[in-house]
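These are the structures, in structure tokens.
One chain, subunit A, appears in both complexes that follow, with subunit B as partner in the first and subunit C in the second.
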Partner chain A sequence: MSFSFPSYHNLPPFYTLQPNLETQTKQLEMWGSLVQSYCRFNKITHFPVGDMLSNDLFHNKSISRQVTIDMARAIIDFMVSHGTAQWEGKEKLRATIVLRTLDDWADIIYNWAYRVGNVGTVVTAFELLESDESKNEEFYKMDRALFRRVMGVLEKQGKARLFNAGDESKEGVKFVEK
Partner chain B sequence: MRRGVGVGAFQNQARFTQTLAATGAAIQKTQMETVQRQMSTFKDNLEDFARKHREQINSVPEFRARFNQMCKTMGADPLASNKSFWAKILGIGEFYTDLGIQIVDICYTSRATDGGLLEMSELLRRLRNMRGKNAHAVSQDDVVRAIDKLELLEGGFKVVEFAGRTLVQSIPADLTDDQTSVMKACGTKAYTTLDELAAETGWPESRCMAALDSLMNGGMVWVDDGGKQREYWMMALTAMGEA
Partner chain C sequence: MNNFAVAGIDGYGGLVLDKNDNETIIHKSFHVNLYDGEDNRTEHRNLAAIATTHRLVIANEDPGKVVYYEVPLSFVTSVTSKGRALFRKHGRVYLTMTTRTGHQPAFPDTRKDQLMITLHDQDEAKLADKISKALEEKAWTLAERTRKEQRAAYDRVYGIGGIKNRQQQQAKSGDALLGAFDDLTTLMKEAQRLADMAKTLQTQQAAAQQSDGNDRDKEELASMLATAGLVSPVTKDVSRDSYYTDLARQLAGFLAGPLKEAKGMLQVVDAYAMYNRARGTALVTSDDFMAVLRLFPELGIPIETVRLSSGVSVVQDSAVGTTALLEAVEGYLARFAGSMEDLSTLTPVTAAALAEEAGVTPILAKEALLLAEKKGLVCRDDHVGVAFYSNFMRGG
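Let's look at the complex of A and B:
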């Protein structure tokens, strides 16, 4: 299944940064949320801006329109100012996209544990993130560093305890009924 | 022997006139009563009809449109008040109030992308999305009625026609004649260029630019610099606002 673009993705002026500032803000907002849902769908956390220019997200061959590097940077800048992305370095070559907030992830993972009956038991990080059991879940193959931060949120909420944090092979979590 | 016209004849004449007036009044009274009776019968029938077909009136847009027409013909307005008989029977006032709120919601949300002009077909599509499958179907006629009610609030809501297209306007200011000409020049393809607009209108370039700039400032026109010449897109005609 491929990502289905919204109808405005086929609109030529969407690819020109609008001179009217009010319109431009709206446009960047639309692009920002499109980049975020595209990355969420394709599990892209590290977003190489230059390489993405030839991707179907920024390059719409059917209408021969393409986002320029400057405009792509403006989109990411807008996302950074709204907390949905961070630049990885001053050169602005690559950005980390926030697919979900930590709170979102915490809810998603805890709800999953509750649904499959993992509350009250210990689950290894491998089982949780890389086994068949979670193959169809959004957090499947989640970045471990991000995983630890999400677990931090659940620990604070009293919903989970993390074991052997930092040791990739032994890392585990116990979900607590709350 | 011929008798002249006497006093009696005058008296007869006066009596006759009096009788005539009295009879006339009586006839008029009877006629009035008949009409009133007919009207009241008609109203009763209409109410019976409304009760009997309540479900269809609420769920079938064509049926509702006809019913509204019928009510209008006899001076009954089912939308006039929420407390009216009609509102009680049909919940019809509420139907249009809800619809009105949904229209305001959609138009305001898309204002940032279309500057406050939305094509009717697009509005209907979004209304259907918003209301879900289980809600009663909504027709263009319903939207027009709901907007008529909104117009009383002076929020600038109205239905306008441009070059064969029906649009819903949610801004208080009307388009100027020049802006309307730009809209016409955009035609079915939804955009125009400076040259094209100048050729179509016969205006000097400065006047074309002024009209385009004003539409850009209002957020109704977006530009596309990806082609040979800058294209000015009338967003209301693209039906491609937020999905």
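Let's look at the complex of A and C:
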């Protein structure tokens, strides 16, 4: 199954950076969301801007329109200012896409815990993130540092408690009924 | 041969007939083609042929490009017609002409001495018939004959001829010498009186110019003199203010109609061309035209001259202004450019298409689209040229 683009992705003006500022802002917003959804679907976090121009995200062959490098940078800039992307280095050649916010992850993991009946029990980080049962979950093989930050959010929300934080082999989490 | 010359048209694009000679139109055929002799091909298609009592006129009546070409019937030596035939569905009229000199030649040009006109079936008989009759009646010579008679009658009483006549009569009665001198002296006295009067009036007018007299009096004096045929070179200056004011009011009155038709906005160059065409003669210079436009606000005339962002100058009905332009765009979008409910139905609008649909010039259509873009109604697609779509990227 491939990513299904929204209908406006087939409209030529979407590929022209609009001179009307209000329209342009909305346009960049729409592109920002689209880039994020696309990357989420295809599990892309590393975003080399130049290479991505030929991707069917930025190059719509059916209408012969393509985003220019300048416009692509404008889109990433917009995402950066909204926390959904980060530039790697000063030259604006590569970016990292933030697929989910910490809050998003917190909800996803807590809902998972609820779903599989892990609320009230202690689960190791390994079991949560790397066991076979979690193979189809979005957080599968999540980076530990990120995981700890997500747990931090759940802790603040009073939905979880982290144990042995920092010790990769031992750290675990207890989900609390909320 | 180059027998045709451009014929005069009046300010409304109509053919000017010689009223003094009672010239009237006797037949008009539409959708005619002109051929050189029996040639098969021609570029002169879809014209009108107008026969008058005095001339044959060929007309191109495309709006905006109206032009008439005439040849006096006196140069036509014969006219015949042929009806439709098996492989020929049009009627034909053949006109043989002698060469005409002493005019400014214009299309159509025939190398042969015969012009062939193709027309609708059965119209050829009517046209040929009317031209034949006109050739018989020779209406153009009637005027000539009448004029000769009139001149002869006049000459018998007035002018040198008149004097001669009276001399003869008086010679008969014996007072020849005295009579001759009397008439000549009277003539000369009259002439001198006129010359003196002219001189006096001109001096008076010149003095009036320089004085700080009432402007209105100056105007009256100037117009009185003008009526008497004595137009001082400074007349236009003296009545300059009222000249421009009158012109302004006349122009404003004239522009009302065209402005309404053009949705309240016309390019200045178009308004200028239209106005001068309507005037026919005594054309207004572009400087005067612009000066007059500038007068509108102070005269309370609700027509503004505006320079648009693209550099184009337009005259604009104050009441209507840019609203009409935006409405034209919205109307077009609603009818032709798809619906926002289903983005896949959206289609582009170009300046050319909008111009045609809304009945405005392409430049104004482009201006309308740019304005709509500023207002967030449309968004642009810059690929080859620019096209606009309904704005599906609207904030809020």
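Throughout what follows, the second predicted complex is superposed on the first by the 171 of 178 C-alpha atoms of A that agree within 3 Å, B and C clash if a C-alpha of one lies under 4 Å from a C-alpha of the other, contacts with A are read in each partner's own complex, and residues count from 1 in each chain.
Keep in mind that, in the parts below, a residue touches a chain if its C-beta (ideal position, glycine included) is under 8 Å from a C-beta of that chain, and two chains touch if they have at least 3 such contacts.
Keep in mind that what you see is a predicted model, and the values were worked out from it rather than measured.
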Practice item. Consider subunit A as the common anchor and indicate whether subunit B and subunit C clash or fit when overlaid. Key: clash
Review point. With the two structures laid over each other on chain A, which partner does A:163 touch: subunit B (first), subunit C (second), both, or neither?
Key: neither
Practice item. For A:65, select first, second, both or neither according to whether it touches subunit B, subunit C, the two together, or no partner. Key: both
Practice item. Please indicate which partner A:11 is in contact with in the superposed arrangement: first for subunit B, second for subunit C, both, or neither. Key: both
Exercise for review: Check the residue A:20 against both partner chains and state whether it touches subunit B (first), subunit C (second), both, or neither.
Suggested key: both
Exercise for review: Check the residue A:126 against both partner chains and state whether it touches subunit B (first), subunit C (second), both, or neither.
Suggested key: neither
Review point. Between subunit B (first) and subunit C (second), which, if any, makes contact with A:30: first, second, both or neither?
Key: both
Check your understanding: When you line up both complexes on chain A, which piece of subunit B, out of 19-27, 109-117 or 127-135, runs into subunit C?
Key -> 109-117
Point to revise | Contact residues common to both interfaces of subunit A (with subunit B and with subunit C) | key: 7-8, 10-16, 18-20, 22-23, 26-27, 30, 64-65
Check your understanding: Once bound in the complex, which stretches of subunit A touch subunit B?
Key -> 6-8, 10-16, 18-20, 22-23, 26-27, 30, 64-66
Point to revise | Touch list for subunit C against partner subunit A, complex | key: 342-344, 346, 348, 373-374, 376, 379-383, 387-389, 391-395
Check your understanding: Mind pulling up the subunit B residues that touch subunit A in the complex?
Key -> 112-113, 191, 216-217, 219, 222-227, 231, 233, 238-243
Practice item. Would you mind writing out the residues of subunit A in touch with subunit C in their complex? Key: 7-8, 10-16, 18-20, 22-23, 25-27, 30, 64-65
